[in-house]
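In what comes next, chain A is part of two complexes: it sits with chain B in the first one and with chain C in the second one.
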Partner chain A sequence: MGVTCVSQMPVAEGKSVQQTVELLTRKLEMLGAEKQGTFCVDCETYHTAASTLGSQGQTGKLMYVMHNSEYPLSCFALFENGPCLIADTNFDVLMVKLKGFFQSAKASKIETRGTRYQYCDFLVKVGTVTMGPSARGISVEVEYGPCVVASDCWSLLLEFLQSFLGSHTPGAPAVFGNRHDAVYGPADTMVQYMELFNKIRKQQQAAAFME
Partner chain B sequence: MRKILSPRVRGYRQDFLKIAQVYPVPYLTGGSESSCVVFNLDTMEAPPVTMMPVTGGTINMMEYLLQGSVLDHSLESLIHRLRGLCDNMEPETFLDHEMVFLLKGQQASPFVLRARRSMDRAGAPWHLRYLGQPEMGDKNRHALVRNCVDIATSENLTDFLMEMGFRMDHEFVAKGHLFRKGIMKIMVYKIFRILVPGNTDSTEALSLSYLVELSVVAPAGQDVVSDDMKNFAEQLKPLVHLEKIDPKRLM
Partner chain C sequence: MSGVRAVRISIESACEKQVHEVGLDGTETYLPPLSMSQNLARLAQRIDFSQGSGSEEEEAAGTEGDAQDWPGAGSSADQDDEEGVVKFQPSLWPWDSVRNNLRSALTEMCVLYDVLSIVRDKKFMTLDPVSQDALPPKQNPQTLQLISKKKSLAGAAQILLKGAERLTKSVTENQENKLQRDFNSELLRLRQHWKLRKVGDKILGDLSYRSAGSLFPHHGTFEVIKNTDLDLDKKIPEDYCPLDVQIPSDLEGSAYIKVSIQKQAPDIGDLGTVNLFKRPLPKSKPGSPHWQTKLEAAQNVLLCKEIFAQLSREAVQIKSQIPHIVVKNQIISQPFPNLQLSISLCHSSNDKKSQKSTTEKQCPEDHLYVLEHNLHLLIREFHKQTLSSIMMPHPASAPFGHKRMRLSGPQAFDKNEINSLQSSEGLLEKIIKQAKHIFLRSRAAATIDSLASRIEDPQIQAHWSNINDVYESSVKVLITSQGYEQICKSIQLQLNIGVEQIRVVHRDGRVITLSYQEQELQDFLLSQFVMDLKVAARLWFSFLVTNVKTFQKVMFYKITNGVIFVGHSKKFSGIKWKVETLFIKWSCLCLHLALVYYDFFQMFPKEVSRNFDMKCLQINYKYKEEITCKGVLFLKTIIRKCLFSTLKLSLYK
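Moving on to the complex of A and B:
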């Protein structure tokens, strides 16, 4: 896959999530992007069960199991700041077997669904992030297909992002950070989605706390 | 550029045909599964979006197993007979390194996972395997039956397992030959003990014999599979006696 940037689009003032998504997609269509199907990225959280913690003397870790419709036969499992494993879909069956050791955090499933747009060599995916029945935010993913090295095409990606995100353009993703010359892979995209989902979850918790 | 997933069988990697979501129903037609999966990477077409999560509704795959052994000096005659009985293909050898990981919890028995990698095929994915307890059912059933989950993974499998809390219990190197007949897989291999942990170059053979395994991975409930395995095993007598060996009786 090419170098990808995943970012969050804040909801426009006085508008709902759906209306903001529509504004964005209309902008993309005016640019000349073609609609090409839909996409879905989802994430489930597991934490090590209390029974296994005692023997290791460490705090429970959170494990994220994610799927990306762009890779329908794969399953991504990652730890925050840890390794990201790319496995086939039988990994989900294995997680069912590991029920006694890894418990799914309640109501933790978060996903983003939306439309895919192709604009020349760019693939843009605008999705609504939902937790349960309610929409919590908007995710924007832009992939530049021809290039796999982040440092070579970040400026081009930035320019393209500015053309339709305007002032909401994000900075360089943290995954690009240290390894500018390393080959970009799907695992890096999933790490970006995990960070986005965690950010949205925290925003949700803060908002709930304020009420 | 089109990418083709090879249908070649190597070690447990026959089960990678599951990546193509082709379950071994071809067993019933008697044909060999030479299906290829072709992924079209030319266009940026949207792949299909699955609506349902995978959790509860997958088919439970079972491994049917018969084992036996032959002494080193009988290996050639066994290979010769297998070459005649099995599907016609280039003789295939394999050299695999397997590590067994345990996760200890409050339950009495730890959770066992087997991570296997090919040492002679660069670029092949790692193979993670879960094997359940043998099903204690029909005494007349000819083969050992246990639940099995096979997963192809990327190369950072061992780091990931350690992060999950698994610890390596033991490791070994398996070197041998691979044959297949329909959905039956026959492996004749020698197990090597690794002398220095982590160093697969210094190994020593565990015994003066080769382990022979006849296995089938099929959806649960297809017990007729074990009858066919028994019939095939009959044809290998008296070179090797393949039988159902209950691992618990050896402990």
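Moving on to the complex of A and C:
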């Protein structure tokens, strides 16, 4: 597990999501990366059931249950600003049992699928974010394997991102800022994905609202 | 009692006088009572001096007589009569007897006194002790003790002997019973080795490896039956056992797994007809009962079946480039081209039919015992793994599986880590790898040996390491020339023989990977031979040829052949020639060069230069066989001489 940066690639002007993805992948292949299969990250949203809410009327918290094909036997459950739980795949079954406490939000499943590229110590995943049948955006994840401390290799990651993302290079993710010298873990990656999905969802809502 | 008048009481003595006579008119005449003195006299008469004073009978009689005295005058009259009778002897008064007695007593006393006084003087009378019988002589107390002890010991010994007799009797009885072997004691012995349980009225046992971790679905139960066909009239046979075991019919006989490597693939028609040669049963421990050998053999059959089932399952499931063939009881795979590995389950039952058929001679030489042993070890490892704490869930509610696999979820293992946990290799793959390695190793050894025997000079030495892995062995190869070991130290190769390739590590750090082809290794080694010669020849060429005297001293070879002509040159440093002829070429070359050089030197001393190049020479190989060894020797003598001279040498130009 190395330091990972998840960012969104805005869709190029006048092109569809697919075409932008193709552009990116072509760039990567020219760089010399080798294709190593596919990946998938998905996310389901649950909110606390109304029955468990106190009479004070506090808003229910949202819980996200995510899976990552990079960690095939694990399941991640996280709250927005709260802790992240890494569990066995039996957790999904457990959620069914907890139907009384957590209810799934409608049409909330969001996922990103794409190809996985290996370039020496870097692992690049370019995926299409889809909600239902429609593609909503592009997610780019870059992992630098050898390092586990975020602050040490952020500059290297940034350079690499610049080499193929060009002007769309993101800034340092928020998770990096929290714990500079702490060891980076898969939970942080999932937090980044959650933020990305939320952003895309808001964009979607805003776009729908605007329309 | 004031009211009552006093009554006069008169007292009269009760003593009445004795009636003497009663007159006719009823008057009684009384005897006058005895006076005091008369009474005393009467009493004195009654004293009997002949009797002791302690005689109570007399006193009793006397008192009786006294008691009777008062009531009846008649009795006293009788006594008086008796006294009268006594008195009747010429005696007069009652004190007479008393006086006589006293007198006689006095007389006697005086006599006694006189005698004693005379005896005291010892003049006329002495006291003579009466001779008594001598006392029995006092016996020696020790011998008495000895005899008494002996007697008592004899008594104790008797008791002990009786007890010992009883014990020996019981021991012999026990031994006799042992030979007879009670069913229950035999059953106890069986229980010490095997697991038994009672089902209804049958006793069943378990000889499978299920409790040791096996997952083979065979039940492996055997039945214990009582051996009742014993004829009590006849003598009990020595190997009689009251207990017999009945093993399942498919586990009868003996089995083993035959692993062999053959060079050429046999015809397809020969498949499935593996020669089962009946291996002699391993010697059972002396004294182990027959049921033990039977059960052990059945267990071995079961294990072999499990091994073969596992191997055949993997052979079918696992995809490989060259598919494995599973026919009846044989699995055939091709680890290398032109090489065939066959694993077969040889199960021979104890029937007489099969014994006849297996009398044909089989050749067991290609059976690799090592691999068979390894198969057994591998399956046992697999068994242990299923039972190990890594697999068994702790806590008990955790799911089955490898311990780290259970953690892979919560610890977010990625694919690499998960793959490293799962043992991806099955039994068959492991065995094939081991077989490949064994074959490669034996072939490398054969190659080195053949080269060593074929080429006398330089010499090749191979030092095989004792400690090897199942998949890797190593050997250190040294190529040296006799006499020049110090110079030719550079040719040291470390060969690491792996599963499919041989990795060569040169002394100077170069790493070369050779494939499994035999020819590659041979060519490579020959090239190293040439290197050695090259070094030697270079050495020869590298020194200043100014020392003529040396040449003169060693010159003994006459030129009898050799057409030397100028022609196309072959550069000294190229090893592009074919290796075999290169060697011979070199030896001849060196010899001829030495000769030529000498001749040239003799003829054209001025033209001898330091860097003598071979551009102008080519060689004639007419007598190449004869001169090969001698020539090289000659060359070496020269070199040796030069070495010991004071010339500077540079080895590697």
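Quick note on the criterion: the second predicted complex is superposed on the first by the 207 of 211 C-alpha atoms of A that agree within 3 Å, B and C clash if a C-alpha of one lies under 4 Å from a C-alpha of the other, contacts with A are read in each partner's own complex, and residues count from 1 in each chain.
One rule holds in what follows: contacts are C-beta pairs under 8 Å (C-beta built on N, C-alpha and C of every residue); 3 or more make two chains touch, one makes a residue touch a chain.
Computed from a prediction, not measured in an experiment: that's the story for all the values here.
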item: Contacts of A:72 with chain B and chain C, given as first, second, both or neither; value: both
item: Chain B versus chain C as contact partner of A:96, first or second or both or neither; value: first
item: Chain B versus chain C as contact partner of A:63, first or second or both or neither; value: first
item: Greater chain A contact set [chain C / chain B]; value: B
item: Touching partner for A:83 - first (chain B), second (chain C), both, neither; value: first
item: Which superposed partner A:40 touches (first chain B, second chain C, both, neither); value: first
item: First, second, both or neither for A:145, with chain B first and chain C second; value: first
item: First (chain B), second (chain C), both or neither touched by A:1; value: second
item: Shared chain A surface residues [contacts with chain B and with chain C]; value: 70-73, 86-90, 187
item: Contacting residues of chain B [partner chain A, same complex]; value: 18-19, 21, 44-50, 53-56, 58, 103-107, 111, 128, 130, 132, 149-154, 156-157, 159-160, 163-165
item: Touching residues (chain side chain A, partner chain B) in the complex; value: 36-40, 42, 48-49, 51-52, 54-56, 61, 63, 67, 69-73, 77, 79, 82-98, 100-102, 116, 118, 123, 145, 187
item: Chain A - residues contacting chain C, complex; value: 1, 70-76, 86-90, 185-187
item: Chain A-facing residues of chain C, complex; value: 405-406, 408-415, 418
